[in-house]
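Chain naming follows the written order as A, B, C and D, and within any one chain the residues start at number 1.
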């Protein structure tokens, strides 16, 4: 099947490669001509402009946007006037599902179809395949199945779930029509919310392991410092790389994220390459916001989100408020940070 | 290699089966004669008493306890007098690592060796192998390697971690000597702490998905109820079984726990078989307690732990205190629970 | 000064009484004629309709809405056509500040002024006075000062803050012009978010005190139950009413909320009058949503919010997911709830 | 009544002053002779050694320790041999209640009595009085009542709780016999746990208010940064000092802590005097540990505790783990901190 791809960054280019390798035909465009050229050199058909892209596509056209969420609307503004009734626009990026509903409704007026696809897989997706969560009209999603099934990992990527009837849905192939407009990005949003929670759980646990030697370090014995009552219980020097590795086999907490952690720790046991300022790109926030709208408690997902905010210094003023209170009721004076070098983690 | 196994419950019996199948020789004992008989019918050598078990073992003996944490001390009281210098006791259950340190120190006086083994794998372990986190003296752990390597899943159970040198440790085979006395159960404790966090992350996310139809249900419009401002954004009827299934392939949140969730939802999409009273067996508590001792923040792991307490009604009095305050400052009267049937999740 | 009051519920009627007693003139209206009659019997001037109310007010009019957030827009729809340029509408209820901005902008087109007032004080406000957080145009807020200063508690209600220059703002009198449209309800929103956190802190602490006798109760000793290792440390029968009372004098945690708790516990030490289903009326949700928009971590405020959701059973499905996982990996079967009577709180 | 006071730091010296002013007779000692001299100059009787202190006291003696928790045992080691049956030792510091039980049991062997007193009030206590939470034998506590009632604020310090019978207990005077050995420090421990939660609630809320201008600051529009969707809703420049002040009168969140915040913000609106490294001195940790032992959920109290740990950099390694995962699955590169100056809070 033929597909136009707009946006040839990290994700977009690799998806084109996987589609091409899987026998689909891609016409590709990017605002950066070099990105187009790179794929042309691999035998993919490039387009020099949105007009050129649209002109090269058979009707009804299928155009996949793989651009940053912030530029989707700008791209649509230029693209939509070039399209004709029956054409399909697919947003495969990380759009907020509220935007999908708005955009899909606007496009429907022009008899254009809109499909939102939450795409998970990251840099490994080219080889492993992409997990696709899809929202939109059922018949349009059906029409695009050759694209989805080529991008997806396929059923063989995981053992069958016991009791599951294989032909019930396409979920086992790694792509799923979740519901109407926005449903794909809604499910992807929650997927990422869960991802935040999983990541934080591993990170916190590893931090506890890393400080299992706390009893070896003298702690100040002043009124500002809570003493470690039983230092004899914190005398372990644990090898986190080995521990992450051993958990990869047979344990209840095995996962792809754990595989990645094990890899990171092999090469950089102290993770010195990172400062620990953890970004968030929106989905975690939207997940908690949705939970609040629904009245559903998400203490773990929100704690994970807030840890990221705090890692970037956003709790600073709140912390100063607390220090000010301690000073004012108890005469407590802030302790300076431990001199660098004595800090271990 | 020869091993005495005490405790033939769910875990112990399956471990004996895996050991036997892997060519190790087990002599087995349980306070329930029927449990011993069951394994004898499978060709395993049974013992009629602790004395009988000890008598049948070659010296230096290796005896593995696979009994509830609460009865380890009672079992040791009877077992230890029967042993001789050089013998090894292995505690493979879910003991608190503080107890390992105490017990190991006591046994050392009698020139007995103590090895603590955190064992993960659950009911699937017999086939998949068990992930073993081990604490104790290095030479004793080395001596027991045939047992550990037979119980463990083996290197083939997961793809190699890129950059890792295979012969660096036994971690890749699924068992690891983590450190001195207690280190095995310390690592297993944190493993379970992480497990709580992972489980809660999935559970909360699925709950958000389940309530994605919140806009379809009329909400009361009174001063006690926060209205849903934008019901049009919560109109989705999502198929959680399909969503869990699609996430199993190619997504960032794939894991063994997710595999289990996918299986549960196939047969019982509403999980009606469960009341949602979630037990905890200690390790999650101990992980947070260790984090507090170390001064390490674990907001996600503790939120996950507290959700379990709340699921069992342990927040009730606190909730009543809040309702009482609301009544007293605002005249707010508690709303009764929605009639059963209108409740959806 | 003259004021029209629409909405004579709990709050509105008491505010009219305080205004009248303080020498201001109120014309009052409510959709329930009985509510109007009640105040007329106390000597207040009633109105039989919105038209009547508007007709009785001198120009430029000042009309205060004290109605549920959900009916503000409906009320404005009827009221606004009756007003004339220069008139002021005050929303003193619990509106979302987004709505203030929208409404104020709409009213400005008709040369009407809109003032949003976050009002705290509850049922005690009639005597103690109301804390007023105000948003809108400075000159209009200034014009209404006689109303605000009569409703507010006045400077004498609390000792002067050391170092504060008395004439800097009206804050010391208990009312404050916080900023432009919406600023009043924004500040009130965060006020309530803080309130949730404060309430939860007391409630959780009292719950810990209440269970200080945990060591007296036998706990099951099975694999599903974490044993209490040191029952000797949990042998206290604490009198919560006395403890709340003693904290009211000289302690760091004294507060008006604590005063209320002390009162509740006097008459009903077990708070049997409450089921513990804690409502939330929106501001706590909006506070956390604002924090997420701002990228500011609010782990305490969100934990407090989610406790309320959980108190109403909204975690149920998530809990069932966790029980299902425990069953599937460990063969764990849910324990039934303790028989009623053995439950202590 | 006569009392020996050991430990003349911030708290001890002020308590002596309040006792003396209230007509009680103090004999005082401190390891720093200068501290003794200071009080001698105010007319208090000093002692040059523990022996001297004990010699000057009438039998049965009452000796109050007001020393850091870490040196209580060392002091007792020297003091106890000097005492005689019937004498009473009072620990008024911040001891862990486990230690009270141990110490009281040891002293009982020598027929000495031990009373634990949790003391709240801070630097303001000299004037306001101290809130005293007391554990120990009833008759001994009774014997010390003149001391307690002089230190306590007295009934007039707060309005009577409606419905409360005045003579029911001493709670209304600001001191309370809570229960047997350790009960005083147990209640004080939870008091401080609550204090952490209250402080965090205010601090988080003020942080949300401080960032109410988030819409005025351009945010990066890249894949690492979640955009602020509605900047028009975050255009407020709020005066936190005025807001804290207005909340002091009539609002639901009025408290002594709020009074302190209002004072801090008057003189230093940005709290530039603080770095935001918030210490914790043990009670918050012990409260959460007790909650875990009891199986009582304390998500708010623990979130408040963990914020303090994080404020001191203790989440750093966990944050690096998260950044490493983001890099490995998504190719995400950490964003550097914003240049100083652009940072606002």
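In the analysis below, a residue touches a chain if its C-beta (ideal position, glycine included) is under 8 Å from a C-beta of that chain, and two chains touch if they have at least 3 such contacts.
Computed from a prediction, not measured in an experiment: that's the story for all the values here.
Asker: Sort the other chains by how far their Cα centres are from that of subunit B and give me the top one.
Answerer: Centre of mass proxy via C-alpha means gives C as farthest from subunit B.
Asker: Once you count every C-beta pair in contact for both, which comes out on top, A-B or B-D?
Answerer: Result: the pair with more contacts is A-B.
Asker: Between subunit B and subunit D, what is the separation of their C-alpha centroids in Å?
Answerer: Comparing mean C-alpha positions, subunit D is 37 Å from subunit B.
Asker: Taking each chain's centre as the mean position of its Cα atoms, how many Å separate subunit B from subunit C?
Answerer: Computed value for the inter-centroid distance: 42 Å.
Asker: Would you kindly tell me how far, in whole Å, the mean C-alpha position of subunit B lies from that of subunit A?
Answerer: Using C-alpha averages as centres, the distance is 28 Å.
Asker: Going through subunit C residue by residue, note those that touch at least 2 other chains and give them in order.
Answerer: Only 122, 200, 202, 204, 207, 226, 229, 252, 256-257, 263, 285, 293, 295-299, 303, 306-307, 310, 312, 314-315, 318, 329 qualify.
Asker: Provide the residue numbers of subunit D that touch subunit A in the complex, in ascending order.
Answerer: 10, 68-70, 94, 96, 122-124, 199-200, 202-204, 206-207, 210, 221-227, 229, 256-257, 260-261, 263-264, 268, 271, 273-282, 285, 299, 303, 307-308, 310-332, 334-337, 343, 345
Asker: Flag every residue of subunit D that touches subunit B in the complex, lowest number first.
Answerer: My answer: residues 252, 285, 288-289, 292-293, 295-299, 302-303, 305-307, 309-310, 312, 314-315, 318, 329.
Asker: Contact residues on subunit D for subunit C in the complex?
Answerer: Answer in residue numbers: 97-98, 101, 120-122, 125, 128-133, 152-155, 157-159, 161-164, 168-176, 178-180, 182-183, 186-187, 190-198, 200-202, 204-205, 207-209, 211-212, 214, 226, 228-230, 232-239, 241-243, 245-259, 262-263, 266-267, 287, 290-291, 293-301, 303-304, 306-307.
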